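After this come two complexes, each holding chain A, first together with chain B and then together with chain C.
Showing the complex of A and B:
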């Protein structure tokens, strides 16, 4: 597993902690991690982004991939993202399918 | 006007991006805008190192010059296969995620961030010019 990603999965809820830079260099490792969730009956996918400094289109693609391949019905949350990161999500329209919020209770 | 040229590989991405950002900093952009310019440059350069030279080696150049109206013009060029990034279809960011095509997001971000983007094929080079103006 890449050093800037950690993932836990319990009771249909997968929590993914992102940190550092999610770019063309680091995105493939995240995609490999998320592939493990395919077919696991995930109801909620929660990205914790408090320590995420930067996201590029490669990172956005992995999040879209997750939504499309893991479960179309799963709710996706993006928690604690910094303003610069959230603005990139909004520019790309990812805020239309996932809930961007400061904290997550679950 | 400043210019650097490096092999078109991922290992050189940071050097090329840092060069563009140093130029932008000199033009007086704030930290937030520099972050956006970094993203635009990275998207454009990742495209070049990923697709410009299929099966062979080549170089990519970054040239910076001040924009007349105040700001910066960052020109990214290569001698790879002719490719106009602006010819890519604009992604429909309003589509529900299940129907979203994975692709075209990088160029979409570049268009959103920069004030002007132009592509030209000149003397066997792809020249992609990104302009960011200083906010008055």
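Showing the complex of A and C:
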């Protein structure tokens, strides 16, 4: 697993902690991690982004991949993102399918 | 399945490479690397130049080996590139012989003509580093997008109400009160406004990458910096303008624009792009070498016999549109925007140039226009021509169309403006304009779909200025007021510019209501200039192409100041949308329907008696609501009386069938709320045989 990603999965809830830069260099590793969730009856996918500094086009695509491939019913949360990161998500339209919120109580 | 060609065959200075594929042109992500492909029929050699993003100097230069060239195409795959963080260009060696049309310069770094993403002007108006050896930088684009269920809307063109807007100007003003002013994301925030207004199509002024610093200078009258604000000067045809995206600084302008289009479609709003294929930002021989000039000058530009640039555009050069290579590039480009961006249509700037041959002569059957008319991928796209050019070719009514092309109807604009200000003798011309200009389009059996009707557009006065100024006031453009059109057919209603006289202002409001009414009750497709619905002014500037300031930006406070006008425009848009009789795709035939009335009939102060004389300033028409839209719909009777005389006139009303009565839907002589009525709540009139139409006023009645 890449240094800036860590994932835990329990009770249908997958928690992914992101940090540093999520771009074309780091995105493939995250995608590989997320692939492990396919078929695992994931109900909630929670990205913790408090330490995420930057997200690029390739990074966004991994999140879209997660939504498309893991489960159509899974809820996707994006937690604690910095203003700069969150505004990129919103302007590129990802806010329409995931909940962007400061904290997660699940 | 694994490909057996996804591995390098050669090494150059530490880079793994192999021969690429010639198609598609440009930079394409392939397994393990990026495929680069660029055409030049006259270059002897080509190098790929790689930069780390934003770095002033290249970090690598990789020559295309001779054996990697196929025909006139240089092609190569470079493996293991950090594709999100590089910028690329080309250097080409070839002859420098301007008399023969060749202007190769091996020192210049050239942008890819097929670049899908272009950096260098990432944030609008940020001063560039003028010493940058490669100012407009091609980037590799991730062109996938999560479109979900989106699909172009394919609304019949006669049912569209087009709203022409400038991406930056629409929301840049602080009064727009949104998070991302002046951007694609900003338009998305205003979608609820557009829905409420009732339009169902936005036409964006150029959004291809351009250089806002082109010909930048200081205004002699205001001391402010003038810019290439409109952007009718392409740097690249395949890339959206980064400076129009809030995410441009992250290189995500394509995602932002696609997201805007998806949201517009979700809200029932189509999108048309204003495309500029007549010239590029390279100008004439004095201009910068950005791409085309250094890649294959002789192919991309129309050249005079001694190798100079033809200038049919007023912008220094003319793209060689009917050269087969350029033709294919334009086709590739439009297909890309239609397929990858889900765009619903295109408006072609100075489209008559697209019908000139390689020496500039107008062609009878221009291959480019024919190709576009019949292209399978563009098959449902709206194709709209600005059917003239700056070289004197004027083709309104005669643009080669193959039944597919619509035109900006310049005659509609001119006749409506003259009728509006009270010029006499226009009843005959107005009768044509109101029924979709059969005098212009019937001979080609093009129907009303050929006519894009407008009174104002980005070129020329705004609607408020049309009724506030007799003369243009372009001094701030720094060209001694010589730029911009002189034949505006405008009238200031009794005093030049802003007025404190309530009578003048009342008349101006009424004249705008009149103009909008004529536009919205005419057959054909109406186009509204953004802001006209709230009385936007440019202070009399009728050519604000360089004014990136309050002159051009929409001041949203006008919604409050001109609330009556805004409510009226919304109402008359709703009226059009409620009445299929106003949106026929065929010209009227005067055929009599089973109820005994012709599809359209002409009237005046006397019923069934129109004054067609050279002194006439009145005109009325009656639409029969039975079997409209080619027999597919039924509507009420609609009667429109136009009195552009400065005195009140009584209009004798045509008699309705037994049991029906006349109701007022709109009356521009009345103040709100008596000026416009909701469908179904129209006000029944007392005297069924005559209606007094006020001075310079229009009355719209429905018979039900």
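Everything that follows uses one rule, which is that the second predicted complex is superposed on the first by the 106 of 106 C-alpha atoms of A that agree within 3 Å, B and C clash if a C-alpha of one lies under 4 Å from a C-alpha of the other, contacts with A are read in each partner's own complex, and residues count from 1 in each chain.
The rule we apply is simple: contacts are C-beta pairs under 8 Å (C-beta built on N, C-alpha and C of every residue); 3 or more make two chains touch, one makes a residue touch a chain.
Please read all numbers here as calculations on a predicted model, not as lab measurements.
Clashing of chain B with chain C is the outcome of superposition onto chain A.
When the two structures are aligned on the shared chain, A:25 is found in touch with chain B and with chain C.
Contact with neither chain B nor chain C is seen for A:40 once the two complexes are overlaid on the shared chain. Once the two complexes are laid over each other on the shared chain, residue contacts for A:99 go to neither chain B nor chain C. Touching more residues of chain A than its counterpart among chain B and chain C is B. When both complexes are overlaid on chain A, the residue A:72 reaches chain B alone and has no touch with chain C. Of the two partner chains placed around the shared chain by superposition, chain B and chain C are both touched by A:57.
In the superposition on chain A, the residues of chain A contacting both chain B and chain C are 23-25, 56-58, 60-61, 64, 68, 88, 91-93. Against chain B, in their complex, chain A makes its touches with residues 23-25, 54, 56-58, 60-61, 64-65, 67-68, 72, 84, 88, 91-94, 96-98. Interface of chain B with chain A (complex): residues 10, 13, 32, 35-36, 38-39, 42-43, 46, 50, 91, 93-98, 100, 102-103, 105-106, 108-109, 112-113.
The touching residues of chain C, counted against chain A in their complex, run 82-85, 142, 144, 146, 179-180, 183, 185, 245-247, 250-252, 255-256, 258-259, 262-263. Those residues of chain A that touch chain C in the shared complex are 23-25, 56-58, 60-61, 64, 68, 87-88, 90-93.
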